[in-house]
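Report on one structure; see the data block that follows.
As written, the chains take the letters A, B and C, and residue 1 is the first residue of each chain.
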Amino acid sequence: MDYFVILLLQIGSAIASLVLLSIGLAVIFGMMRVINLAHGEFLMLGGYAAITAYNHGVNLWLAMMLVAPLTVGIFGAVVERLVIRHLYGRLIDTMLATWGLSLAMIGFVTVVFGNTVSGISAPLGSLSIGAYRTGAYEIFLIGIAALLLVVGWLVLRFTRHGLISRGTMQNPAMAAALGTNPSAVYAATFAVGSALSGLAGGLLAPLSGVVPTIGSAYIAKAFITVISGGAAILSGTAIASTLLGAINTLATFAFTSVLGEVALLVAAVVLLRLLPQGITGRFFRRAL
Amino acid sequence: MSVTPLLQTRGLTMRFGGVVAVDHVDFTLQERELRCVIGPNGAGKSTFFKCLTGQLRPSEGEILFRGEPVAGKGSHAIARMGVGIKTQVPNVFDGLCARDNVWIAAAKVMADRAAERRTDEAMARVGIGAIAHRLVGQLAHGQRQLVELAMVIAPEPDLILLDEPTAGTTDEEVDRLVDLIGELNRSHALVVVEHDMQFIRRIARTVTVFHQGAVLIEGDVAAILTNEQVRDVYLGKQAA
Amino acid sequence: MKAGRLALASNLAVLAAGLAVLFGLPAFAETYLIINSTIFAAFSILALSLALIWGYAGILCFGQAAFFGLGGYTYAVAAINMGETTLPALIAVLLPALFAGLLGYFMFWGRISDVYLGVITLTVSLIFYRFVNQTAGEQWNIGDAPLGGFNGIPSTPILNWPGRPGDQLAPEDIFALSVSLLLVLYLGCKFLLGTRFGRIIVAIRENETRAELLGYDVRLYKLAIFMMGGAMAGLSGLLFANSVFVSPTMFSLPVSGQIIIWIIIGGLGTLIGPVIGCIFMQILTNWLGTLSQVKGFGWIDPNLVLGVLLVIFVLLVPRGLTGLTIDFWSWLKGLASPAPTDTATARERTDP
């Protein structure tokens, strides 16, 4: 019984991890059809921001949940104005330019921070469940992931900003004719997506540590989850994360963690073959 | 003895989610027949064509090409049976010159050398010899349509579908088109979708009217163009 | 015709340059440079493989590294087990082609294209990487060959002269082989693109719908060219295995990424561009690597420079170095003779 609970928590943790990793990318891809291949580095930057702030005396929670998203959000806004803005509608070109950006970011961070792994220990200690122990922090992350999805849904569905964003994404010319500034909406959306990535990077830092190249571990999973999820930002991410996270964890429990990763990748390939537009390309099409 | 029609659809239906774009259409075309299809925007004409060419898989119904069922077959298979289409939005090879565009079309059905000759012929018939070496992506809309037309006629398909061939063309080009269609009709069947009623009057014999995905009425051009129902359906936009 | 003569001239120029390198370099270069040049040649073949399938067929494969790695590993495993290298070399080219056939069938018959194709190919190369990376230990031996996990395969047998197992090729010989293969493949691709098959492939890239509406089964064409790309990448892997060594990094994301960068820098839609881009970037990264060791230049990080370069090229130099050269040449010609000819410009654009 305890084993079962632990297994469930592990699955939940894997799903939460995927949600956190992907939500920033999903917002940017789902709303703007921009594939940000520097997404992994945005996460990495969030991690570094959190750890650096913490090492300079800032409270850990503030560092992870305020400093990190703020830093990366501002950075994202700058990147959007300088680079992304010129490439709207050119999907392949944005992929390439953001790939260049990711390399540049890795290089820059390597120069500034060096190649070694920095880390902080996970807060909140551990929890006993029967004969097993598990980190309480992972459970906290499950809560945060769920919270993010719920808040995101509420914002998109019920607020004015959410409505304007959705309208602009669907029909920018019409939105402009009605008085909104599509350019400003794009900039804001990219900034929000970046901030979410920064938040995720900060929150995940205690679990994996940060090193300049950690982005490449993140980007593949995030990319795969978002594309498998399909165009609907929240439900797509949620469903894809659930499916892939569950498969990953179950395969890890059955075999090894590497084969767990392989199982996730294989599942994604099969999923995309069956549903080339992602899950929400076929089901739940009109969901958010 | 009944002759097998070149093309026949029975109960052809195409649904997109809740929208019925093509609604149980029965359509028959004989060999070497010229048919004009008219109807307001959104009436389902282009969707109908897409079902015929295999670009869409119909939700229901049959399509028979010389008695053989083709509904749901891939577009390349249907094309090989002898169907050519000039689409509403030009589908051409923008990065190639006009001559290469037509050559690719001809080369599918004959060897390279013969294809070269057929390319020249097709381009001359359509009148685009002068722009043979221009990049199609840089041509005006009307010229791109003419290139596409040459691509369609080069392989000499038995059934030629033309979706709004006069859009964006000059009066002179329209005249040429009328002659070309007449000439083509001597050995090919044609279905022409058009909005230009003057043009319809010049080339049509039988006209099929689409409305909201279904066939409203079908008959002789003179009768159709003076029909009140047809006029209502067009909301008086086109003076008959 | 003017365009035909231009094409012939450029092919002859490339042949001349290639022969010059082939015979000239070993004359005065030391072994280190010869081995490095062999690696450049191997990578150039890799660049050529993606240049063909992406630039001409429109298939943006994000996982060309998969075939590269497959070629290297297949060669090493087969050579260790068979003791002779001629058959392994053949298998090293055929197996990646076969795998490309399977993957291609999976993707093209499923009508997968664009971004989704990129994701699937990326994922496939990642699967290889992750999987091979953890193959340390005896249970993962294939016959006599250990897969070696993240360390790779320890001693890959060097190619031997066909039929003479003890007689290995010297570095100069492998260099000659690589450069010759590069030349042959380059000219071969050029030839292919001028054939009926090649012209149809380009048409498919331009407008797949129209190609289908004309009766072409685009899936078959894409499959064929994708398999050719896979074979070339596999060959590149086999040459790399002979000059460096076989390790899981051959399957990694940076490798796939680098190939794409070479092509963007060199010029998408040309054959010579990606080869030039590859060599240029290899020299640049090597130089940057040594430069950053120099005092005061520690801030120069190869990734930083590469990244910035890529962003600049995507934004400002979309047609790469070859595009720049063509534009510059046209500008020069424009200065000399003020009346531009439509024919020449159009032909330059369509002539590979």
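Just so we're on the same page, a residue touches a chain if its C-beta (ideal position, glycine included) is under 8 Å from a C-beta of that chain, and two chains touch if they have at least 3 such contacts.
Bear in mind the structure is a predicted one, so any value in this text is a computation, not a measurement.
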Per Cα centroids, the chain farthest from chain C: B
Centre-most chain, if every chain is reduced to its averaged C-alpha atoms: C
Centroid spacing, where centroids are CA-atom means, of chain B and chain C in whole angstrom: 43
Distance between chain centroids, defined by C-alpha means - chain A, chain C (Å): 33
CA centroid of chain A to CA centroid of chain B, Å: 48
Of all residues in chain A, the ones touching two or more other chains: none
Sites on chain B at which at least two other chains make contact: none
Touching two or more other chains - residues of chain C: none
Parts of chain C lying in touch with chain A, wherever the complex brings them together: 60, 106-107, 110-112, 114-116, 118-120, 122-124, 126-127, 130-131, 133-134, 253-254, 257, 260-261, 264, 298-299, 301-315, 318
Interface residues, chain B side, partner chain C - complex: 53, 55, 74-76, 79-80, 84-85, 87, 91-97, 100, 103-105, 107-109, 112, 133-135, 151, 155
Residues of chain A defined as touching chain C within the complex: 35, 83, 86-87, 91-93, 95-97, 99-108, 110-111, 216, 220, 223-224, 227, 256, 258-259, 261-262, 265-266, 268-269, 272-273, 276-277
Of chain C, residues touching chain B in the complex: 196, 199-200, 202-203, 205-207, 209-218, 342-343, 346-347, 349-350
